[in-house]
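Chain naming follows the written order as A, B, C, D, E and F, and within any one chain the residues start at number 1.
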């Protein structure tokens, strides 16, 4: 049973990691201007854009989950 | 139990694709919060996407069954 | 042996489900106009477009499979 | 048997990518049947794609072998 | 050991996505060698991508923790 | 132990195959002009383009790996 719990946790961790990779990809495209990448760390537009991109993505997930529960309740 | 896992993975995949897709469409530039326009877009997009998935599933399965029968008869 | 059969069937089911997810994605992009999604169920353009998209995709698969068999026979 | 499964999965993946790719290219707007132009496009696209895959495979493997030899000598 | 594998797969995935992404951006037309401009683009792109991934990871995990706490208190 | 070695090799083979599929996809898009595909084998532009695309992609990987080692050494 402990093993099962362990495997489930690992499975969840793997899914979170996969989400982070996919979200990095999505948000990089939205926030880092296309074409040549500017040298240096994330600048004052890129950094908040990346953070907001994560937050709005998860906001969107919540909207979807709420709608799904409404549908279930019908 | 494997069947249950299959069904759960299927549902999880649908929600994942849907989130990904509707985020791309509804939030071109992530801001400091989800605007009400973006939120409406999410629910509309979600409904459309689920219907689209339903239509594809039905059509796909029907076609495969037709082909297998055809193959069996020829 | 029954277990093997069972696992094979589950594997095939998983592949069909994955195809349906990927096809929904492809056809949604082709059939649902870009930008904001229109409210309501699939309309009289979207619905047949989605169905035809599935059918033409599978027609394409058949063309490819036939060609592959020709190549094998050479 | 695992090796056989590997080879089969490899072939399946090639056909899957090819179908996906050629469908995107050859059928921009899915109609009520596959036109003869679309069908020709599919066979041409398939041949090109398989050649491209062959070229990539050879070049990739040759390069990896060269690098491993180089690494061994340095 | 499963945990180690998870960490390695995570790192491998990051490098893979990064290579894929930066190649798309930095090498629009592959020539007979990597130009020094393309090479600079690669290092810049790589740094940005890793920072972006870091930002996303932190924001994502923080948000999930906040939501779980919120869920627990309500 | 031999089994573990065997499984590791199979795992590596699977990763190489997956890279080749993904690279074929990327390079096909860069090297084969969009729209209808021209009949016949890879022509005198397409063939070198595909090969160079593989080589520049792997050059890019090397740049990234070198940078990562530098970062590690710090």
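Note that a residue touches a chain if its C-beta (ideal position, glycine included) is under 8 Å from a C-beta of that chain, and two chains touch if they have at least 3 such contacts.
Since the structure is predicted, the reported quantities are computational estimates derived from the model, not experimental observations.
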Contact steps required, at the very least, to link chain B with chain F come to 3
Separation of chain A from chain D in touching-chain steps, minimised, is 3
If you tally C-beta contacts across A-B and across D-F, the winner is D-F
Chain E to chain F, mean C-alpha position gap in Å, rounds to 18
Per the C-alpha means, the centres of chain C and chain F lie apart by a whole-Å value of 27
Note: chain E sits from chain A at a C-alpha centroid distance in Å of 12
Shared-interface residues of chain B (touching two or more other chains) are 22, 26, 47
Multi-chain touching residues of chain A, meaning two or more other chains, are 27, 31, 53, 55
Ring walk start=chain C dir=chain D returns C, D, F, E, A, B
Per the touch rule, the chain B residues reaching chain A in their complex are 15, 18-20, 22-24, 26-34, 38-39, 42-43, 46-47
In their shared complex, chain E is touched by residues of chain A numbered 6-7, 10, 13-14, 16-21, 23-25, 27-28, 31-32, 34-39, 41-42, 46-47, 50-51, 53-55, 58
Given the complex, residues on chain B that touch chain C span 2-3, 6, 9-10, 13-14, 17, 21-22, 25-26, 41, 44-45, 47-49, 51-53, 55-57, 59-61, 63-64
As the complex stands, chain C meets chain D at residues 22, 26-27, 30-31, 49, 52-53, 55-57, 59-61, 63-65, 67-68
